[in-house]
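What follows is a set of structures for review.
Each of the two complexes below includes chain A, the first together with chain B, the second together with chain C.
Showing the complex of A and B:
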């Protein structure tokens, strides 16, 4: 197997564009970067620039207006050149802001890291100390510190750094707490690393992006605070120039010579604005949550971009009839063909199972039907989903909203995240009922209790007042099923509804779903990866691989005599209770990536029966007889020819 | 398989919470594991099955020293493991290692595979550079991964590959016992088989002993020599894999076996919705399975049944007053 693995690339090394390019894509951040870069350059180059001495007074030339000979930005009350003072002052402000940030970041992060990692008493002690610092208003604390230490730039710097330590400590502690409880920290302990090694070698690198984000968003604030202290006369002492003290100097002559205060004011504005824009950009690039697309708000319904409307020939008795469904994800320049032409139909009271491994496209198929695939990046590019004789992909948004949770409803894998944690089960059921039926609150409540009774929850009337966390996993999933049935659904799309449950509870939920669909004649589209679960509930099965159905048929037929080699392999690698001696037959290799699908059979690379013609061209889903088909030109059931 | 005992858990108990507040009021405590005694023999695979919340992961963490029992003892080759873990976790980690459930979460996303695998070699075995590089290629070979993967980062791997790196890391210190906590439950079935086969091969090649924890009965049956079934922090049935799965004695084991879905099995035994796990803050006085048990009597609700063997097969024990007979 080593050779097989070696020949396959373990994923491309740089799937995402690098951080700098991402940052430059953001035009506001780029503007910030340019302005900030210019200011820093000029400030750094101050000794080299042909500027007059910023502290040289020249009372004869006091209060010259800007743009007059010799003094581009004019002079102040003592006749000092404002341009020179501005450049030198910016230099001081930047240096103080940056160093204060670094000091605050260092001590704050250290406290946060230790508190988050150690937890318990150490955490309590450190964080209560931080709370005490935070209990004083910002500027008051800084003033108090400066008052004790005496005025001066360096003391102002300390004051600002101390005041900002809690900000870092609290931010970093939260992240560090999460990282420290991750399994790789336990693994490092078992690898023999000491606590110090774990803290700085394992935890710190994972917290570092947050430290940088926090720094980038605080520098601007720090510069403002420095300016504030200097403005009050507690920071830079005369004759030294810094932006705050320049502003302070101009305050008294604001009306007679406004340029003296406006010039440093504008500089503070430009500096802080550029830093904040840049900081926001840096945060967007580094923050993993934003990276994964939280900033691109998906629309309420998947975009439908079909080239042509397929001709619909309804199948007799089908409630839901999907034909030629193709769903793609467009990310960057790549097109991921998650679903590549799926036909399926579900009749009244029938249960169709879609089986496949992770990444096979089974969930995307299910989500596409009611337009639940997020757009961007997802879009439906072909096919039709007929609910009765209505094409769901052509229906209006309002119509889809009416149908969701009514005619077509969903049950998802994790009931805890499906139910709202802050509302009682009763509230949520009543909401689901009232969204589609004009019932009064009390009628809806009574109906909700009936629903809970129907899903066999004991003491239904009492349970209406329970919050989701008060129920067990099995009970929660029953509530979700009750909600799915609240408006007489014709079809329930159940996406791995029992995967998160224990076996005994799974058996209960499966039995319940099976009874309900018979009692109420509801069709079920059941997504799962488990052939055992399929046997327990599904009438028919479709096996999915790389976005396409590779085999369809009745459950018994597929389990007893699979036609497609993939189906056979998939069944063989499941351990079966009562047959411990059976050798598990692993499938070598990995499924193809759906943005680079081969021309021919997608399973060819891993198939033991592969021949040259398998790779030659697309292979259609061929029928042995109505209801039994496989996408294979060398099927395992040799006796039966395709029709 | 020798009969020599490698690991012995003696009446281990782990209580979370408990104790008293600073005002002297007792705080509620949860018994994650109570009065649990098992033995693991050198060279065998002991399977531990149970549903979520039964204490199997707590047991696993206590065996490897990540957690300590609040009562009872855990002996590894006669050494008191809990006492040792407090003083010198490194010594214990040279003998007992752990494979995590979530392969990706157990690898630091910012370290290369080489750095991850070298850590136990540096800190536990104190190997020099040359010895490390030999050992690294041995390890990669053992788990069937190409050596060029050493310089990649965890996110570049699929779940199955990541789990094989997790196994290589556990193997690195050349331990005698490996605790596998749901090692395949996060993997797709086709990958699951690959990993199980590799584990099987490693056990033979290096003479390892496994404690294999899983909620999946069929996986446990296919890998284990002996099986312990846990319910609510206690072992309710233990015995050879063949005996426990072939002739289950405890009603809970029966229920588990009948609930497990299997290809071709049409109907699953489903209980009523009333049946719930007992409240851990208010444990029942007698058998924890009482409320769900079809064979219950008044005795069951009054006294906790002890693990007892059966005439003719002392090794197959069940904690039940009314066990099932031969099927």
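Showing the complex of A and C:
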């Protein structure tokens, strides 16, 4: 089956063989699978193998060392062949571990399914019971059960199964709870199916992967624990032997014949290790979110891999001058050109707005400047960012750290997620100050209070002790702005700082930013998707589309007479007070994906004015008037209708 | 905060109450006649009946439980017939030895596990990360009782650096250095599995946290990378890891059963194993109850610690 499917063209494979291939791609999981498969095979084949009787005692040949006199692994205290006992013992251990897993999975999943599906009082009652069982230290409960039932392999099996039920019940309940509230379950209920039918036909298949993951992660444990009980003499009783009881027997003669205990222990280890390797692999395949590789940690600074250093032509009066910036994301062999050559400059006390839809590359442009684009997968592949005379992309990591929050500071979008939830506002402000100024803690605190006062937060000294979640959204964003002002920045990069706020608060925050930049002569690079916001604060605007600027110019001019059809469409999206009849047209279509950009104009597909030559080749950003430029060969002329 | 701790302590009472019910029910489910089990199969019917009356086993189950619970609250856990002394005395004496062993292991596994997890996350995909991940997997898979035997063979028998068994030297011991000398191998063995679990979880938690927006904020502030990792990221990761350390307390307390048997540590684990094989059920009952209660308190401490770290939980 697997081979037949494998020959089918890509994209038409069914899920199962794909999962298997994924599993086999993981070399450790494959090693686990092979070792585990071998062990199972040998255990199954035990009656067929040319092994001596595992229980045949031979007092004359007792405690023979391994590799001697016809006994590959030697003999134990009664002269029994250890290899033979090992194979037969593995059989027992495997059978016990598997049975315990199945029992625990069956009852645990049943409890979890019912609790999650039923909810309410049934759920509470069942889960309280489960919590009660989990209040016991795991092995201790198993011991108590064995104490009651009496020592014996079967009793040990029951004990281990019982103490593992809660793990299944808890995991399965969580998923079952979510699945049971989904629409298809409601639909099944409305179609008159019985609860049992819904539970096993609709809910169970969706919960199955979790059951399998939980099984694959607990089976190793169960084998280990049953072996442990046998080791203590509470599991397998002579003459029956599993790996644990062999180890327990060997312990009594550890000093004289260590091989008798080392060999079975090694076998348990190999068995459990192979299962755990396999289990990890299974978990990665079935639950990609948990995959260790999927969680990549971004490093402190975006990787810079420029092919050649561009010659930077200085612009008069610019504090920040970005030339030909190109930033890419490399994900799974695909290259996403998020920023494809951007030039921008910001002067003292000036506010430049970058406007565009989500995914246009405006945030990546802003985050590239101080190297805050996560690497992996991001990398800066071209251009320069000049802060004064210094190329930020060529600066050392330490130099960038010194400039971050000092010369160039940031304000981000959602102040709830951008402030650290576990530190007080004061702590975070003081840290921002102390990172760049040699102030004592109390001086820094005083300064932090001043900063809060500056952003019009009442009772600043008290607010210092507040945690972010204790403040309103507007207050939190004021804190973020205060933090950006802590070290007299020359440039503030504000990435959608008002998007997460409601309209009144938005206006307040904008007014605050506007006043502060005029008072302190700070340049602002303002990222937004909202032309309404642009008109409130920006001196100049750059409209971004598919990683490139499509139009630049002063705010007033662009708002009154946009040249690029995209700009015009964006402006039309803004509701105007007092014009309720005005149509708010959404822009039809979607922006192109930046790993497959067209040769010509990227907006052509959605453009009402598109003509054949638009798609022919790259279109440069053309300056058609001093200070105004558009990337369009059929630009709008003021007054002319474009639709 | 004091109010919170008081609230948590109050919430622990029904849990401990529930523990007594489970322990009582398990013991009440003993197949056959407990008196016969205690007296052996050669006991006369008169003796069995007398013992049943003495133990209160002729009364209804609920009444038996109430009597048993009332006795518990007076510190009367019954009398161990193998030790011939009150169960509580024996259990508390043994439990203090277990607490030394398990406590040391818990501290050890927390420190090593957290450090290994952080290093692994910070150097993700490096050879350091890969070796830590592999060693951790070995630690989780190795049978601790077997590892204990190996360590005895290497460090006690061959190298003779540490004693193979016991808590104190038989002659001339009894002081702290002697205790530490005896403690080293068993505490290490007991810590291995829990270290692996904590290291794994810390790595995942750190990787998760390092992707958060507030870490980007910290970097944008110009905070040094060390501070970003050890102050900003670690504190958040700790909130996730602490409950797991609480759960590991249970695994360490339970795992002590094996380690105490291997190293002949005079703790409650080896006591329980002996009591089970001699069917000294009152001793089992008392031992299980005391360890389970300690575990509940451990988890309570973990809860409180988590709340101290995370103001949103208050």
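In the analysis below, the second predicted complex is superposed on the first by the 471 of 643 C-alpha atoms of A that agree within 3 Å, B and C clash if a C-alpha of one lies under 4 Å from a C-alpha of the other, contacts with A are read in each partner's own complex, and residues count from 1 in each chain.
Throughout what follows, a contact is a pair of C-beta atoms (placed from the backbone, for glycine too) under 8 Å apart; a residue touches a chain by one contact, two chains touch by 3 or more.
Quick caveat: nothing in here was measured; it's all calculated off a predicted structure.
Enquirer: Report for A:149: first if it touches chain B alone, second if chain C alone, otherwise both or neither.
Expert: second
Enquirer: Mind working out whether A:317 is in touch with chain B, chain C, both or neither, as first, second, both or neither?
Expert: neither
Enquirer: Counting only touches as set out at the top, which of chain B and chain C does A:191 meet: first, second, both, neither?
Expert: A:191: touches chain B, not chain C.
Enquirer: Thinking of the overlay built on chain A, is A:504 touched by chain B (first), by chain C (second), by both, or by neither?
Expert: In the superposed model, A:504 contacts chain B only, not chain C.
Enquirer: What is the contact status of A:571 with respect to chain B (first) and chain C (second): first, second, both, or neither?
Expert: first
Enquirer: Have a look at where A:300 lands relative to chain B and chain C in the superposition and call it first, second, both or neither.
Expert: Touch status of A:300: second partner only.
Enquirer: Between chain B and chain C, whom does A:247 touch in the aligned arrangement: first, second, both, or neither?
Expert: After superposition on chain A, A:247 lies in contact with chain C alone.
Enquirer: Just to be sure I read the superposition right, which of the two partners does A:277 touch: chain B = first, chain C = second, or both, or neither?
Expert: A:277: touches chain C, not chain B.
Enquirer: Considering each complex separately, which residues of chain A are in contact with chain B in the first and with chain C in the second?
Expert: none
Enquirer: Enumerate the contact residues on chain B facing chain A in the complex.
Expert: Contacts found on chain B: 51-52, 64-66, 89-90, 93, 97-98, 100-102, 105-111, 119-120, 122-124, 141, 144-146, 148-149, 152, 155-158, 161, 166, 169-170, 172-173, 188-194, 196-197, 215-219, 221-222, 241-242, 245, 255-277.
Enquirer: For chain A, which residues count as touching chain B in their complex?
Expert: Residues 1-2, 5-6, 10-11, 13, 182-184, 186-193, 197, 202, 205-206, 357-358, 455-458, 472-475, 478, 502-508, 510-512, 529-536, 556, 559-560, 569-571, 573-580, 582, 584-587, 590.
Enquirer: Please output the residues of chain C touching chain A within their complex, sorted ascending.
Expert: Its residues touching chain A are 15, 18-19, 22-23, 26-27, 29-31, 121-122, 124-125, 133, 137-138, 140-143, 145-146, 149-150, 152-153, 157, 203-204, 206-208, 210-214, 216-225, 227-228, 232, 235-236, 239, 249-251, 253-255, 257-258, 261-262, 272-273, 275-277, 281, 284, 288, 291-292, 295-296, 299, 309-312.
Enquirer: Can you list the residues on chain A that touch chain C in the complex?
Expert: 131-133, 135-141, 143-149, 151, 220, 224, 227-228, 231-234, 247, 251, 254-255, 258, 261-262, 265-266, 268-269, 272-273, 275-277, 280, 290, 292, 295-298, 300-301, 370, 372, 374, 401-406, 409-410, 412, 414, 417-423, 431-432, 435-436, 467, 469-470, 480, 483
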